[in-house]
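Before I ask anything, let me first share the structure, which is written out below as C-alpha cells.
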Amino acid sequence: MLNDLVEILNQIRVKNPLIHQITNYVTVNDCANVTLAVGASPAMADDEVEVEEFVNIASSLLINIGTLNKNIKNSIIKAVKKANELEVPVVLDPVGVGASKFRKDFVEELLKQSSISSIRGNISEIKSILNLSSNTKGADASKEDLESIDNTVNIAKELANKLGLVVAITGEVDVISDGKRVVAIKNGNHLLPQITGTGCMCSSLVASYCGTSKDKIFEATILGVITMGIAGEIAYEKSKNSGLGTFHKELFNSVGNFNEEILKQKSNFKKIM
Amino acid sequence: MLNDLVEILNQIRVKNPLIHQITNYVTVNDCANVTLAVGASPAMADDEVEVEEFVNIASSLLINIGTLNKNIKNSIIKAVKKANELEVPVVLDPVGVGASKFRKDFVEELLKQSSISSIRGNISEIKSILNLSSNTKGADASKEDLESIDNTVNIAKELANKLGLVVAITGEVDVISDGKRVVAIKNGNHLLPQITGTGCMCSSLVASYCGTSKDKIFEATILGVITMGIAGEIAYEKSKNSGLGTFHKELFNSVGNFNEEILKQKSNFKKIM
Amino acid sequence: MLNDLVEILNQIRVKNPLIHQITNYVTVNDCANVTLAVGASPAMADDEVEVEEFVNIASSLLINIGTLNKNIKNSIIKAVKKANELEVPVVLDPVGVGASKFRKDFVEELLKQSSISSIRGNISEIKSILNLSSNTKGADASKEDLESIDNTVNIAKELANKLGLVVAITGEVDVISDGKRVVAIKNGNHLLPQITGTGCMCSSLVASYCGTSKDKIFEATILGVITMGIAGEIAYEKSKNSGLGTFHKELFNSVGNFNEEILKQKSNFKKIM
C-alpha cells in the first residue's frame, strides 16, 4: 500500500493534472491554493454553459455542495454527466448534506443518476446519505453522531458497497473503504476543525491525487486524507506558540513541502480489512 | 458591565453556538474563521430554499449586504422572518448602504418589516440609515462623515431609539447604544481598515456572542467590538516589523487566544450614559 | 519612464482612489486586500442594479472573468458602458478566455462594443483574443503557448494596435505595449504561479494605479506589473525556509511596504521600443 501512495505522490508533480472544482464560495480560495500546493492545477468554473468544456480538459472533477444553490445545481449535473461520459473521476464532498432537504434530495438524485468515484465526508454527512438517524451542525459533525471505530468501519463499508465507490469518513480516526478493503488513518490534529474548509481542502487533495490515475481511486483517497492529516500535525508543531492564523498559514507550507520522505516518516495508517 | 462581558466570553466556548451568516463573497472566509476562532460555529448557507432550515438550528443570524444581489435578497427576507418567528437574534451589517439605491431601499424595507437585534456599521452607513446627509466610499466610511464623539453618541442613540435595537458605530472611537445606555470604546488600531473585512469580522463576532444569550444583545455587541479592537492592538504589536499580511494572520491568532485575562487587562471602554 | 512610475506610486497613497472590481469569487479577497495594501480602496459590488452607481464614484473599473456567469455578464456590460460614458479607465483581466466559448464570445463582444484601457493576461489568454492558435489550462498559461521574447513583443504590439489600448502579457518576462512603445520587465519569481490569483492581484494593482490618472495608462500598467513582480521577489526571500503559505502572506507585506526606494532599487525593466 505505501508503495502505491508513494507512486501517486511522485506522479502528481510530474503530471500536474487539471482539477475542475465546482465548490462553495466560503473556502474556494483555500481549495485552489491547496490544489496548487500539492502539485495539481485548479479550475473553478461553475456556470452551466461552460462546465462541460472545463471537464473536457480536466483530469478529475470535484463536487462540493458547501453553498449549493439552484444555479450551481444545474452546473453540477451537467459537469458530472460529462465526466461520466469521458470517464473522468468524480469526487463528492457532501457538505452539510443532512442540514436541509435541498441538499439531501440533491445528493440522493446525484448518486442515483451518476457515477461517483469517491465520497469524503464527516460521520454526520455519511450517516445522512445512508439514511441512518443523524444530527447536523451545519458543515460540522455532530457529537451525537460519533461512533466507535467498529461502527464507523461498518458504515463506510456499507455505503461503499451500496454505491460501488470509495468512501472516506474523516474524524479523529479516518476510515476509508472501497467496500472490501478498509484502511484506518490516525494522522491529523485537533486544530483542523477550527479552521473553516479543512474538510473541503482534504477533498481537493483527494481529487488532485485522483487526477493522476483513474485506476487508483482508493489509494488516491487514502493519500489525500493522509496528506491533510500530516499537514495538520506539522502545522500544529510550527504554530503551537502562536495560534490559529499561523496554523492556517502553516497548513499551506506543509502541503507544499510534502514529499515521499515525510509520507514514509509520518504516515500512520493500517489496513484493517 | 465588565462582569457581563466576562460571562458571555466564558460561555461562548462552552455553548459553541451555531451562527448562520448570509454574507458577501469577499470576506466570507475570514468571517467563518473568526467565528470558529472565537468559539462559535459558522454556517454560510444562502439559497432561499434552505435558509429557513439553517435558521432553525442556529443560535443567531447575521445579515451582511456587502455583495447584495437579487437572489441573496430573497434569502435574507426569508431567513430574517424565520428568525423573528423563532426569536433568534438577528445582527445586521449594512455594508455600503449609502452607495446604491438598491442597498438603501432593501435596508429600509428590512428594518420596516422585521425585528433586528443589533446593527453594526461605520458612521457613513449609520447616517445613511437615518437619512442624514452622508457620503460614501463603497464599504469604507467617508472622511466628510466623521463626527465629534458627542454627535456620534446622539446619532447612535437616535437610531437605537427609533428602531428599538442596539446600534454600534465603529471607528476611531466606537460608540454603542441601546437607546438609553451608551458605551464608548477606545480599543482598536489604525491598521484595521487596511484589511478588507475587519468590519464584517467584527459583525461576525457580535453575532457569535449574541448566540450565547438573546437577553444580552447590548453586552454581546460591546464585547464583539472590544474583541476586534483588542485583536487589532495585539496583531499590530506582533506585526510591526513585517506588514499587512502578517497583521491579517495575527488577527486570527489574537481572536483565537482571546480570554478573560486579556479582556480585563486590555479593554478600554467607558459607560458614558 | 522611472520618474513617471515614481510619480504614480507617490500619488496613489495621497489620492486613495476607489477601484470598482467586478471579479471572481476565488481570489476576490486577495484582490481587495492587495488594493488596500497598495493605497487604493476596493469596491466589489456586482449586481446589475447597482454597478452603475459604484462606477459613478470610482476612479477606475476592473473586469475579471475568472468565474464569469450569466448574471455577472450583464453587470459587466452595464458597468463598462457607464465607465466609458464617464471616461473612467477600464482594465480587463481575460482569465481563461480560451477555455470556453462562453468566455471567448463574451470578451470578443466586450472588446467590440466598448473601450478598454488596459488588458493584462498570460500568453495563452492574449493569443486566444488575437485568434492565434492557443492552448489552455484553465486560468494558467499552457507551456505550448510560450513564445520567444521577440514573438511575445510582436503579439503584444499587434493586439495593442488592433484594439487601441495597452496590453500586458505577464510571464517569466513581462511584455507591455501601447502599440508603439514596448517595455520588458524581468521582475518576478517562479513561486508566483503557485499561489492562486497572483495574476488577478496584478490586474488589481494595474487598476489601482490607473485610478490615479487616466492619462498614464501605459505607465500605470507597467507599475502594476513591476509591483507584483518585486513583491514576489521579496516574498520569496522572506519565505525561502518556510513555504507557500508564508510566501502568500509575505506578498501582502511586500505590497504594503512598497515604496519609491524599493522601486528604484529593485525594478528591472527596459524600454525596448
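As written, the chains take the letters A, B and C, and residue 1 is the first residue of each chain.
By definition in this document, contacts are C-beta pairs under 8 Å (C-beta built on N, C-alpha and C of every residue); 3 or more make two chains touch, one makes a residue touch a chain.
Protein identities per chain, from UniProt: A, B, C = Hydroxyethylthiazole kinase.
Remember, it's a predicted structure, so these values are computed and weren't measured experimentally.
Trainee: If you list every residue number at the chain B (Hydroxyethylthiazole kinase) and chain C (Hydroxyethylthiazole kinase) contact, are more than half found on both copies (same) or fewer than half (different)?
Mentor: Comparing the two copies, chain B (Hydroxyethylthiazole kinase) and chain C (Hydroxyethylthiazole kinase) contact each other through largely different residue numbers, since under half are shared.
Trainee: How far, in degrees, do you have to turn chain A (Hydroxyethylthiazole kinase) to put its CA atoms on top of chain B (Hydroxyethylthiazole kinase), rounded to the nearest 5?
Mentor: In degrees, rounded to 5: 120.
Trainee: Go ahead and note the Å separation of the Cα centroids belonging to chain B (Hydroxyethylthiazole kinase) and chain C (Hydroxyethylthiazole kinase).
Mentor: 33
Trainee: Scan chain A (Hydroxyethylthiazole kinase) for residues touching two or more other chains and write them down.
Mentor: As it turns out, chain A (Hydroxyethylthiazole kinase) has residues touching two or more other chains at 25, 29, 248-249.
Trainee: Which bits of chain A (Hydroxyethylthiazole kinase) are touching chain C (Hydroxyethylthiazole kinase) when the two form their complex?
Mentor: So the residues of chain A (Hydroxyethylthiazole kinase) in touch with chain C (Hydroxyethylthiazole kinase) come to 18, 20, 25, 28-29, 32-33, 36-37, 41-47, 49-50, 53-54, 57, 71, 248-257.
Trainee: Enumerate the contact residues on chain C (Hydroxyethylthiazole kinase) facing chain A (Hydroxyethylthiazole kinase) in the complex.
Mentor: Within the complex, chain C (Hydroxyethylthiazole kinase) contacts chain A (Hydroxyethylthiazole kinase) at residues 24-27, 29-30, 66-70, 96, 99-103, 136-140, 194-197, 242-246, 248-249.
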